[in-house]
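Structures for review follow.
You will see two complexes here that share chain A, one where it goes with chain B and one where it goes with chain C.
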Partner chain A sequence: MLSDNPKLTRRKRRRMILACYSAAFLLATVAVYLLHFRHVSVFRLGGYFPLLLSFIIVLGGLRLGGPVRPFSRRIGAAAANQPLIQLRLGSRKHPPDETFLDERDIAIGDHVHCLAMSILRCATFLFVLALWASAVFHHPAWLPVVAGIGSFLLFVAAMSLPQGIILRAEPDPVPEPSAQIAGVPQ
Partner chain B sequence: MKSPRKFLGFISIETRRRRRTLVIGYYALFLVIMVLQLLFSGPAKYDRLLPIAYLAAAMLGGLTVDGPVRVFTQWQRNMKDGSAYGIDPVRLRRFSSIPPRPSGSAYDERDIATRDRAHYLAYSTLRWAMIILVLGMMVNMDWPSARVAQILLFLSVPFAVVFFSLPQAILLWCEPDLDPDPEDPGTQSVFKAIP
Partner chain C sequence: MPNGPSSSNGPGKLYNRIAVLRAERSLSRQDLADALDVNYQTIGFLERGDYNPSLALAFQIAAYFNLPIEAVFSPEPFRPLSEQVYGNGRNRADK
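Now for the complex of A and B:
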């Protein structure tokens, strides 16, 4: 499921994921400070979302070019059928092995989405429970803060969790043995 | 993935048409409940639908053992049959009045692939729905916090309804009807080729 990049080892991938989620939590903390202590409106923080989309794009999965190959077979098929002659206005031609998903890739992609949905289901259940409890307690003052931050973190998780699981769990590819024929002296 | 049981204990969902009717009825019922709740009780008691959304999704199965869709995760099955606590499931069934289900065994490859595919489709749909929702709300960034909280609460009910039930609904919608088993070989007529 990973694109062919030998420099991106498992340790580097895990650090990348850690950095992305740390950044998201840092942004959420700043948002809590601005909302709760500076009384800034939730959607004054709308500039966060392009920032989030940028780091989601960096992870791949939804588009070509990231460390995770796109989950959708349509993206791969469209890239494989692109014309041979290109104007090369910024986009590079992706090799077929970067766009083609075999059975194992599809199975991994589906299973990762199943795992991500299970995690998000628990998180959403807790979030919904918190919303419901706060509504029962007559809409306390912290409800907009909790709702805004919860939506923010759920949005981050929903956009990046499958890619994050793959980047964290996929092992490093085993290097192929050197091409030597048995019995033939080098 | 489909369990050969009935929805709510009495609605038969053996055929594909009935399963699709159940899915349509499920979402239509929630739509009607939401509209009626807003019309007659106003937004004050609207939040009561949130736990109902989860409980209703659990009735479809997947999240719990009692539903037409088999429970999704292995650890839930292990807790149900007691093997998570070190109890032999066969011994537990001996004391249980509920007959063992033929589909209660572990998933095979096809079941896992079907379950994962349904989750992938549900996740992809909800991801784009969430992006559209967030982008739509970004357009109105000048709203006060109280109004934002109201809108989030209002949207959380349909989101929870769809989020908790979409994989089960996809499985129920797409699962084909099973072909009937072939007749018992003892009752089949046998033709012998006479040389």
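Now for the complex of A and C:
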């Protein structure tokens, strides 16, 4: 499921995820602070939109050369014959000469979407529950701040979590050994 | 991460001889992947036992090597091919 980039090791991928989500959290905090406490106009924060898109693009995979191959690529003939429920999400179009998805890619794609959905479901439930409880019982001043940060992060996670899970969990591809088994002519 | 139709961690682990068969025929992973219409990374995962193929792919691999499926895949570890063909040294000495 990973693109062919030997330099992007698992350690680097994990650092990239941590950096992206940390930056998203920081940006959300600053944005909400400015909006709520400094009364900055929403239009002045227009630069946030490209930043938000950049997180989604970096974690979600680029059209070419991105860390994760998009889920919407064409399916290999062997995999297409599988009687599996296939969740081919996404609507991006790609040239037909790009690498297709085989049965392992599809299995991983389905698995990470299912896992991401479970995580988001729990996170959304806890987030809404916390907001509801805070609003009902205390009406604290920081409630809009937390609501803003949480909404921003939930949005980023909803758009990029499946790819983030792949980047974090997928093992590094092992290169083919140059020397074949002894005795076999090269 | 899923390891395939059945997990390779635990009782569902499937052993295979893909690496040996591929080496015997001087095929690269990319050659085999092209022939089977899968990603070459998947061949690596199959060889290391990190991914168990679907039944259709397993039959396709066996057909490609022109072997019965039980010669390529087994739920139990394979004995070395040389031992299977020639027996071990003790057996030959007894004969």
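Keep in mind that, in the parts below, the second predicted complex is superposed on the first by the 124 of 186 C-alpha atoms of A that agree within 3 Å, B and C clash if a C-alpha of one lies under 4 Å from a C-alpha of the other, contacts with A are read in each partner's own complex, and residues count from 1 in each chain.
One rule holds in what follows: a residue touches a chain if its C-beta (ideal position, glycine included) is under 8 Å from a C-beta of that chain, and two chains touch if they have at least 3 such contacts.
Worth saying up front: this structure is predicted, and the values here are computed from it rather than measured.
Trainee: Taking the superposition on A as described, I'd like to know which of chain B and chain C A:155 touches: first, second, both or neither.
Mentor: The answer is first: A:155 touches chain B but not chain C.
Trainee: Which partner does A:102 contact after superposing on A: first (chain B), second (chain C), both, neither?
Mentor: Second partner only, chain C.
Trainee: Taking the superposition as given, does A:111 touch the first partner, chain B, the second, chain C, both, or neither?
Mentor: Both partners, chain B and chain C.
Trainee: Counting touched residues of chain A, say whether chain B or chain C comes out ahead.
Mentor: Comparing chain B with chain C, the partner touching more chain A residues is B.
Trainee: One more residue to check, A:169. First (chain B), second (chain C), both or neither?
Mentor: Touch status of A:169: second partner only.
Trainee: Just chain B (first), just chain C (second), both, or neither: which does A:12 touch?
Mentor: Neither: A:12 stays clear of chain B and chain C.
Trainee: Under the stated touch criterion, which partner chain does A:2 make contact with: chain B (first), chain C (second), both, or neither?
Mentor: second
Trainee: Could you list which residues of chain A make contact with chain B in one structure and with chain C in the other?
Mentor: Looking at chain A, the two contact sets intersect at 107, 111.
Trainee: Please give the residue numbers of chain C that touch chain A in the complex, ascending.
Mentor: Residues of chain C touching chain A: 1-2, 4-5, 19-20, 23-24, 26, 28-29, 36-39, 41-42, 44-45, 48, 50-51, 53-54, 56-57, 60.
Trainee: Please name which positions on chain A make contact with chain B in the complex.
Mentor: So the residues of chain A touching chain B come out as 35, 41-44, 46, 49, 71-72, 107, 109-111, 113-114, 116-118, 120-121, 124-125, 128-129, 131-132, 135-136, 139, 143-144, 147-148, 151, 155, 158-159, 162.
Trainee: Would you pull the chain A residues touching chain C in the complex into a rising list?
Mentor: Going through chain A, the ones touching chain C are 2, 76-79, 81-82, 99-105, 107-108, 111, 166, 169-171, 173-174, 176, 180-181, 184-186.
Trainee: Would you tell me which residues of chain B are touching chain A in their complex?
Mentor: 47-48, 50-51, 53-54, 63, 72-73, 112-113, 115-117, 119-120, 122-124, 126-127, 130-131, 134-135, 137-138, 140-146, 148-149, 152-153, 156, 160, 163-164, 167
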